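One chain, chain A, links the two complexes that follow: it is found with chain B in the first and with chain C in the second.
And then the complex of A and B:
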């Protein structure tokens, strides 16, 4: 690509580091940015700088936060006795969209994975146990992913909670058929769980 | 999305302005950038700023250039008597990849489209005619896209050239390019063949 100047090549390289962005897409995005007037291109650069400068972690729940606490922990209307445990800050968004949850969160920052060397203390499980032990919590909803590592993390948390805070309920998101899904295309494991968890109509 | 802080929302908004990036993809990219350490995220912001600050237009061919001339116009080994006319700077890249072209370029900055109000003087056709009339050019290869507007542009250029510089050959990339396709996405082999088999207009 000797026909491109170094600044253009640098932009393509940086764009291609983004997830799901290959060389061709990075080129397409770069030429788009090159075509934009500066007042339309620079706000993206500024937005990247701004999040890196201003966005840190909530000191209570480890969600993204501008300042010491995230918007959810700062919201007095959110029930502090109900804590939803998620793997990543991005997992909070889909839960918020349901409008079904009015508690607070706890972001683990990953899931247990002994083969990858991810132990309980690497993913803020001690912080969760401490937070619950401090009192005022009646239920912990474990909303880790429904993957092997997410399930293992949920089981480990349930075990630890039973030991240290036996009066706090630990629940897990129900597994079952996605709404609108065809039975014909459901995998055996999902369908098996949906059957075991069947409820009276 | 009230659970996200304004800087995060701004980043998602700016990312979603990129072509082919919807709301969900913008969110995914934003959370990726949020997870990166500053030293990995800031180079992207810097690369965007840098292209906007440093990259302008070549005064000869209107390709992207750092300084007055692009790297191709500055390269003494490139044949100045052979000019390839393209719509956009991004069209130069796939032609360079074929290694079949050793001439210079002329970037129109679009294609003729009377219904959209794009006339010859809006897309640097006068600059092309002047450049050719100044002498030293033996052939102009018109490599506009093989779309309606690209074809119309090619025919118009051929007509004007016959009138003003009748001794300069005007050629067109051979068909072999799928009709309706954008040059930017053509593979090297097809494009290389199309170049070798270019025909007189």
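And then the complex of A and C:
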């Protein structure tokens, strides 16, 4: 490693910070990038700069957004009385692909996890409760992952909603999702089925 | 035959073996050799090749032959869909390399064409006389082998327990609100009831074969296998209520004091736990009965385990040896190690494979020509 020049080392270090990328893969990627002509390598750097500069969070649902609101919140045809709660923005994609859901979303940005010190205030739970309490919502579908932390988060949301907004139905994606599964890895058919058969929490 | 069976094993720089091979019989294989000849090492190699782990040590560098770098074991199996080869290679400091038919896999645990393995050796008596944690872990592994779809029940509970314990510690330190425990009590209770249910179900089906087999193996007096759950709850809601009642105690002590992580299973003879009152021979018979009862249930689901039995024959009197061998030959595949062939009644029969180990070599009995 030390035989490489500092800029190359820096590239390897940055790449190895990416999830799922170890030292060895980082080296391979770095040497690949070094071999590329500038017109092929620079668009990658440019794309990274662009998302970091332009993409922020939707002020309503905390989905990714260019500008103050995301495309789903801006879409008038989407039912605002139905809110689907997910852990991460990436969890929205598989649900959208099923074409079964025409409501809006709420992105928590994580799940409750005492081990990691994540409390309700650390994810967007207070914002969710406020958003629902403001009215106009008929059902909240909790689509957190079916992992231990995802299930506990769903339970917590259901308890809070029962207290504060007892007239709003809180449902959970029906089983059909494999236990312990991340939403990201569920296929469209199972996810579609789970959406249609959601149950009262 | 719908079960998976081991046909052969090859060792390379594994323990005392530089290079050795052996073929197993479809039923019983007997390994004989003097003390220190390499019998236990061969059994360990079979376990290692089928599971990717050692049956004897957690320090795997011991497996590599002195002066060598890499230990390898390959196991040939016959499955319903034909032959397969499992390979495990280990070099200290490197990730273990496991292959099925040449393709790398992360773990052998979820490979269908691998045989389950059940081991008897003197260390395992700890299962009878040691602390409850060993018995819980054994039972949960058996549950996972018997019902693979419910294999993560224990993990799910452990994860919920770790979270609740972390929360108890945070509440205690004033870093989190006690009301958050309500949520984790529900999650823990759900996972806990599921775990108690699979454990109870497994023990209910094991208990009758256990009593019968214990009698068959010469354990005098009535032998029983029972579940000793910590909680009396029958539903998740009842378990949640029990957790709620003990919350103050949990907060005082800093961890979750109640639930299936404190269960036990009891092996008893004449109503008394063998753990405390059993003789060495009674404990051994009970452990064998448990392993055979498990084999019966696994066999009924098409997955009879390969049984590896080390250092058991010399400890038994002649009638008990005969009964054990009879049981071993009644179905499934087994490998038994013994210092003298005379310790294994019937080892001269043509359907039994006899392997002799000495000085790092494995020799098969010469076929007596007709």
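In the analysis below, the second predicted complex is superposed on the first by the 173 of 201 C-alpha atoms of A that agree within 3 Å, B and C clash if a C-alpha of one lies under 4 Å from a C-alpha of the other, contacts with A are read in each partner's own complex, and residues count from 1 in each chain.
One rule holds in what follows: contacts are C-beta pairs under 8 Å (C-beta built on N, C-alpha and C of every residue); 3 or more make two chains touch, one makes a residue touch a chain.
Please read all numbers here as calculations on a predicted model, not as lab measurements.
Visitor: Considering only touches as defined above, state whether A:89 meets chain B (first), chain C (second), both or neither.
Guide: Once the two structures are laid over each other on A, A:89 reaches chain B alone.
Visitor: Using the touch definition from the top, say if A:173 reaches chain B (first), chain C (second), both or neither.
Guide: Touch partners of A:173: none, neither chain B nor chain C.
Visitor: A:148 contacts which: chain B (first), chain C (second), both, neither?
Guide: After superposing on A, A:148 lies in contact with chain C but is clear of chain B.
Visitor: Among the partners chain B and chain C, which is in contact with a greater number of residues of chain A?
Guide: Larger number of chain A residues touched: B.
Visitor: A:5 contacts which: chain B (first), chain C (second), both, neither?
Guide: The answer is first: A:5 touches chain B but not chain C.
Visitor: Where does A:159 make contact in the superposed view: on chain B (first), on chain C (second), on both, or on neither?
Guide: A:159 contacts chain C only, not chain B.
Visitor: Quick one: is A:113 in contact with chain B, with chain C, with both, or with neither? Answer first, second, both or neither.
Guide: After superposing on A, A:113 lies in contact with chain C but is clear of chain B.
Visitor: Is A:17 in contact with chain B, with chain C, with both, or with neither (first, second, both, neither)?
Guide: First partner only.
Visitor: On the A-aligned overlay, A:54 touches which partner chain: chain B = first, chain C = second, or both, or neither?
Guide: first
Visitor: For A:194, decide between first (touching chain B), second (touching chain C), both and neither.
Guide: neither
Visitor: On chain A, which stretch or stretches are contacted by chain B in one complex as well as by chain C in the other?
Guide: Comparing the two interfaces on chain A, one with chain B and one with chain C, no residues are shared.
Visitor: In the complex formed with chain A, which residues of chain B make contact?
Guide: My answer: residues 1-8, 10-11, 13-15, 17-20, 25, 27-34, 38, 40-52, 54-55, 64-66, 70-72, 88-90, 92-93, 96, 184-185.
Visitor: Using the touch definition up top, name the residues of chain A that touch chain C in the complex.
Guide: Touch list, chain A to chain C: 112-115, 117, 119-120, 147-149, 151-152, 155-156, 159, 179-180.
Visitor: In the complex of these two chains, what residues of chain C are touching chain A?
Guide: 152, 156, 159-160, 162-164, 166-167, 170, 175-177, 180, 182-184, 186-187, 190-191
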